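In what comes next, chain A is part of two complexes: it sits with chain B in the first one and with chain C in the second one.
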Partner chain A sequence: MRGADYVLKRLVFAVLTVFIAVTINFALFRLAPGSAVTNLARVPHATPQTRLALKRQFGLDKSKFQQYVIYLQQLAHGNLGISFANSQPVSANLRTALINTIPMVFLGTLFAIVLGTITGIISAWRRGTKAEGASIVTALTFYSMPTHWLGLMLVILFAGVLPTGGMSNEFLINPSFTTHVRDLAEHIALPALTLGLVLYGEYTLIVRSAMLETLGEDYVLTARAKGLKPWAVLRRHALRNAMLPITTLIALSLGYIVAGAILIETVFSWPGIGRAVYDAVLQRDYPMLQGAFLVLTISVVFFNLIADLLYFRLDPRITE
Partner chain B sequence: MSVAVRQPGPVIESEPIRSRRGIVWQTIKQRPSATIGAGILLVVVVCAVLAPWIAPYDPHEQVGPVFGHPSWKHPLGLDDGGIDMVSLLMWGCRISLVVGFAATFVSMVIGGTVGVAAGYFGGRTDNVLMRITDYFLVIPDVPLMIIVAAIWGPSLFHIVIVIGILLWTSTARVIRAQVKSVRERVYVKRARALGAGHSRVILRHVLPQVAPLLIANTVLTIAVAIFDETALAFLGLGDPSRISLGKVIENAFQRAAISTGAWWAIVPPGALVAVIILGCSLLGGAIEDALNPRLRVAHLSARSFKLRPLVGRGPEAV
Partner chain C sequence: MTKWLAVLATAILAVGLVGYATKASGSGANAKAGGTFRMGTSSRIDSLNPYVAFNQDAYNTFEYVYPFLVQYDKTNSKFVSDFATSWKPTDGGKTWTFKTRSGAKWTDGQPLTAKDAAWTITTDLKYAAGGAANAAGLVAHIKSAKAPNANTLVVRYSKAPGNVLGQFQQLAILPQHIWSQHTGNKGTNLKTFSNNPLVGAGPFKLVKFKKDDIALFQRNGSFYGEKPKADAFGLQMFSNEDALVAALKAHQIDAIEAVPGTAIKTLKNAGFNVRSTAGVDQTDFIINSNAKKSGHRELLNLKVKAAMAHAIDRKQIVRVVFLGYARPASSIVPAATGAWANPAVKPESFNLALANKLLDQAGFKKGSDGIRVAGGHKMAYDVITPTDVPSTNRTFQILQPDFKKIGIQLRQRSLDSTAAFDAITTPDNRYLKFDLALWDWVGLIDPDFMLSVVTCAQYGGWSDSGFCDKGYDAMYSQQQLTPNQAKRKALVWKMQRYLQAKRPYIWLAAQDAVWAVSKNWGGLVASPQGPFNSINKLSLSRVHQQ
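The block that comes next holds the complex of A and B.
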């Protein structure tokens, strides 16, 4: 039953983390300079009724503790306030943005995992050769580049070949299905590639050091001594065991993916959650900023939980 | 990248106790990647420190046409305000490095203290501190930095604090693990038995042992701090009155350097940031590598496996 214990522990940890993030979120915006009323209910061009409704919904004239309780209640109902920028509910804005972000981030991360794993394994297996040197230098170089700058470099390189901004061509009128898909694919290429390249560098380094650690283990030596083919040693003995640290480290890199998404979406005007953060900062749209932070934190915590459970699946001994 | 020369020295315990004194300096001298990293950092720091004397032009003064092309007088051209790019980069380095070093200092103080306290005292202290670290580790730093910087308002001091208080988690974990193993060593126990107080044991026996690891971590954290500053500046959250490298990139992007075709205004600042981060990663990574004996398994990889027989290489080789 230790397994169930472990799962339960991770679940509690995830829920607690989200709760702490919610609390930080609440505290940060209530302690901000200016009163809570101006920070959260000062929706421009709003009718006095809307303003009054917001004040009542979030209890902005009550004590801080009462406000906190009310905030949690509203959150449980999915009410994140109203965006200053377009006077729409924050939750609706965030939903649209999230739907736009997911395919871009997914493609980029997939690219990075595939390429990074391959080069990482090669560079560990060929330790001390030119192949290792070359793949590490390349990986380190991409890892070192500021994400947004790499995006800008791709814009300079591919200007005229691929679209460098937005998600689709707005001048296409009633496009056929294939044209539409092609248009979307062209628009997603550069942002996804930027994310992929930055992460690929990091993943190569992670996979390489995890592989080096397992290649040093006795069972790998035994496998070799038994006369197994190098490929079998690599796949069945080394890589299998290296999967554990790789999974954890990739999960921990999710924070970077989130940061990368913010910078990349700003460069490529991709209307996703990162771009929403940028716009919210520019316009000091506090309710949007608050909501976006919450969504980002929850997604990172969620995928960390997945990684923890995956880890357990890969190695049931891990029950702490 | 580099394979250090490995001597099959005598092995005293399962975990070899090697002199850690001077390991940083040794690494720089012996590993090419560390030498390159240290060299890069040295050049950048010298340029940044000497900027007021060696920068060819004033970084606030218009010396030519807007987005002027690179020429003999201005090897990297001019920016959107007609300012010489070379001078701008030197001054930008200064601010970026100041932010990098100061934020890293803040996070090393926090991370080092938490790590040493958790590892040394163990038990409940360890539990509580590591729980807190776990939470900080999961909450995505950059969005939190953005929010805090947006609420507090952009200033150099705020940026340093914001970056500093969010980057300490990995340091705390690494240091804790190391301190835990040091604490169990015989000479530490002996010192305790002889009546040395906690502070003396920590300062005299534990800290010197974790110092190289702390240095490796410091170097790696500087890279992250500089990256974060660049990111914050790009999102318009940098100190508007100071030119950092991030600010230079942001200015070029906002003033349409790309559509004007002025690549020289946008390529060099980012490349410089990349070079600094590369230098830090090379140096920090090499020191970490040198401290981790488990990574030295060159004899097991495909090519060298056949070349070097394992006979007579001592237990360390296996």
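The block that comes next holds the complex of A and C.
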């Protein structure tokens, strides 16, 4: 029963968070200086009628409260609205951008999780050795590197070897499946690698810290005293108990996958959600911004909820 | 499904790609005779819909996929045939009759006739205050457009305009059989139509478009005019200029539409042909010229404005900011537009002594800190600079110390362009608060648009100077309604002199259009807008392998 209460509370909290975020998103972008209409009407042939027409078309001639009510009504019908910038449904714009972003960010995050976990475990297990020092210094170096700088360095380093821009070679005519896959792999390598390298340091530090904590516990000493093999001590006793903070970090990272990576997408000309949001900010494309932040909010809240539920499963103390 | 499988397989494969290295191959690029000309750009095609599009590359695309009545010749000085083969004004210039091509076809095989042109103009007129508002300025003063037969278009005006061909050179003719299905909701649906796949009738047909990524055009075999030499043309969009340059050096693309100044030397050294020509993009120093502004009214004093003009070292701006790929600017009509620019309007000399003298004469004495005092306050002003015009940062760094030498203190206020424009027009489009700004303008060949931006009617629209002068507005209207082009030119020249005297803008530098192309390709036609432009259909029709 206490378990059901816990799950219900988390669910209610998640729904409330989404609603509050929706309201803040609506207000926040409208507080920014600059008018969407003035911006969009700056084409060479624009007349005062153009601006009036745009205002009416986007409903910006209505009061802020009316706009908010209309926005909530549309949301209730699953309608994210029409982009001010290209007059296409926001859902279609977001879908295209997300399809482009998710594989790249997922791959980079996965790389970071795997590499960070391995280096974190090694650092903790080999505490006080050169291996730990090298691992920590490398992790911290990458962690502190500005993402766009690292991306640019990789562009310079791999120019002529791997593609430096775009998602694929669109000039290939009727490529075979294998050629297409290879082409996609070549294009995704550098942006995913950049993201992975920048992120993995954080995993290294968290995993190392969690592992050090559990390795100092009495039950680990007992396991060693019982004559268990080092690998068994590490896997069954230390790593398993260090999973809680690692789970949180992974869940949070996965939640941010849909946010894309603005700097990486810009450096590598990756037409993803990060760039779409950046453009929307510059153009004051409120519906696009609201849609993108709604998706991001839901994603973060969802993965936090998953983390909470996993905690519930992983940590019996919560149910006590 | 295939795409998802490919993405999944890619994700798995890429994990092992960290150490992967192979020479990038362009083998698939030139699979056909004639080849695919691959151009990289840091700009973007924001929409395929002419009623929505904003970016210049979108308008460049329309030039190559849609018919226009006329286009400029290769010297950009006179109008030549596009879809119209001849034209004749009658009734004192109030009626224009165009003869159009016969046997022309849209890319879906439907006939392209003068009726499509008449429908486009009529639709733009009908929905000028709604879905077609973007094109409203192009059909100003038109009363009706009719096609008495398939090859004749008759356009009637309420007054004889002075720039009929200049306006039609910018008006894409749309296929009636496609677009007439999207006029619902009182014309608003014109804007929500994605227009992809695009049915056109230009020298190229758009076969692939991925926003912010790629636009691929194939030669249109049924085009009514000069057939392109290349089989296809692709525009790859980059959001990072270093990656763009790296892609050219690695031969992943064949050309760069607009080369960043810092990469010119590198590309020349790498053996690429780097070409440049005088451009129509000019940077400017804006002085709030609204006579009703509340504070810092000394900036309305023409002597102060003249002093500022003499405190600007344009040669240094050209040398440092644009690395020599620009020319000192002086007039609202760029010199690259040819005969429309008044050669008598020259840049002011860089003369700090003269600037100081002018300010002394105006009665603004220097304080103990060297900053002059006007009306009880220091002559210290914010200069708004838009972040998306990076040249404004370095330009400000050049202006600031020189202005200090004449007793004027400048502070930079950097804002994104939407916020910057808001800061200029505030409150409520009355231009009361701002003092100075740095920005740029990209002119068209016909001067009408540039001359319009300082009219009173542009308050809240294009105006970024708060300039409103009834005498100037009268001249503007007069040039619009002067069909005799020699007389119109004299008026346009007079307006440029007038603006230089009133100085809502101090023009700084006209940037060159600079592009780079692989030695394997030739034939691109130079224009002030670069090799991919909305001036005519020549450049990409003539580009060829060599």
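Points worth noting:
The rule is short, and it goes like this: the second predicted complex is superposed on the first by the 266 of 320 C-alpha atoms of A that agree within 3 Å, B and C clash if a C-alpha of one lies under 4 Å from a C-alpha of the other, contacts with A are read in each partner's own complex, and residues count from 1 in each chain.
The definition used in the following text is that contacts are C-beta pairs under 8 Å (C-beta built on N, C-alpha and C of every residue); 3 or more make two chains touch, one makes a residue touch a chain.
Fair warning: this is a prediction, and the values are worked out from it, not measured in the lab.
Legend: residue contacts after superposition of the two complexes on their common chain; A:52 is shown touching chain C, with no touch to chain B.
In the superposition on chain A, A:284 makes contact with both chain B and chain C. By the document's definition of touching, of the two partners only chain B reaches A:144; chain C does not. In the overlay built on the shared chain, the residue A:222 is in contact with neither chain B nor chain C. Contacts of A:66 after superposition on the shared chain: neither chain B nor chain C is touched.
By the touch criterion defined above, A:156 lies against chain B and chain C together after alignment on the C-alpha atoms of chain A.
Using the contact criterion defined above for the overlaid structures, shared-chain residue A:169 touches chain C, although it does not reach chain B. Of the two partner chains, chain C is the only one that A:193 touches; chain B does not reach it.
With both structures placed on the common chain, the touch criterion links A:265 to chain C but leaves chain B unconnected. Shared contact residues on chain A (touching chain B in one structure, chain C in the other): 32-33, 152, 155-156, 159, 266-267, 281-282, 284. Contacts from chain A toward chain B in the complex involve residues 13, 16-17, 20-21, 24, 28-29, 32-33, 124-129, 132-133, 136-137, 140-141, 143-150, 152-153, 155-156, 159, 209, 212-213, 215-216, 218, 220-221, 224, 230, 252, 254-255, 258-259, 262-263, 266-267, 277-278, 281-282, 284, 289-290, 292-293, 296-297, 300-301, 304. The part of chain C that touches chain A in the complex is made up of residues 2, 5-7, 9-11, 13-15, 17-18, 20-24, 26, 28-29, 31-32, 36, 38, 40, 46-47, 49, 52-54, 128-131, 133-138, 140, 170, 188, 191-192, 194, 208, 210-214, 216, 234, 236-240, 242-244, 246-247, 249-250, 252, 388, 415-419, 421-423, 425, 444, 449, 457, 460-462.
Contact residues on chain A toward chain C in their complex (touch as defined above): 32-36, 38-54, 56-57, 82, 85-88, 96, 103, 106-107, 110-111, 152, 155-156, 158-167, 169-173, 175, 177, 179-182, 184-186, 188-189, 192-193, 265-269, 271, 275-276, 281-284.
Only residues 1, 3, 134-135, 137-144, 146-148, 150-151, 153, 223, 227, 230-231, 234-237, 246, 249, 253, 258, 263, 266-267, 269-270, 273-275, 277-278, 281-282, 294-298, 300-305, 318 of chain B touch chain A when the two sit together in their complex.
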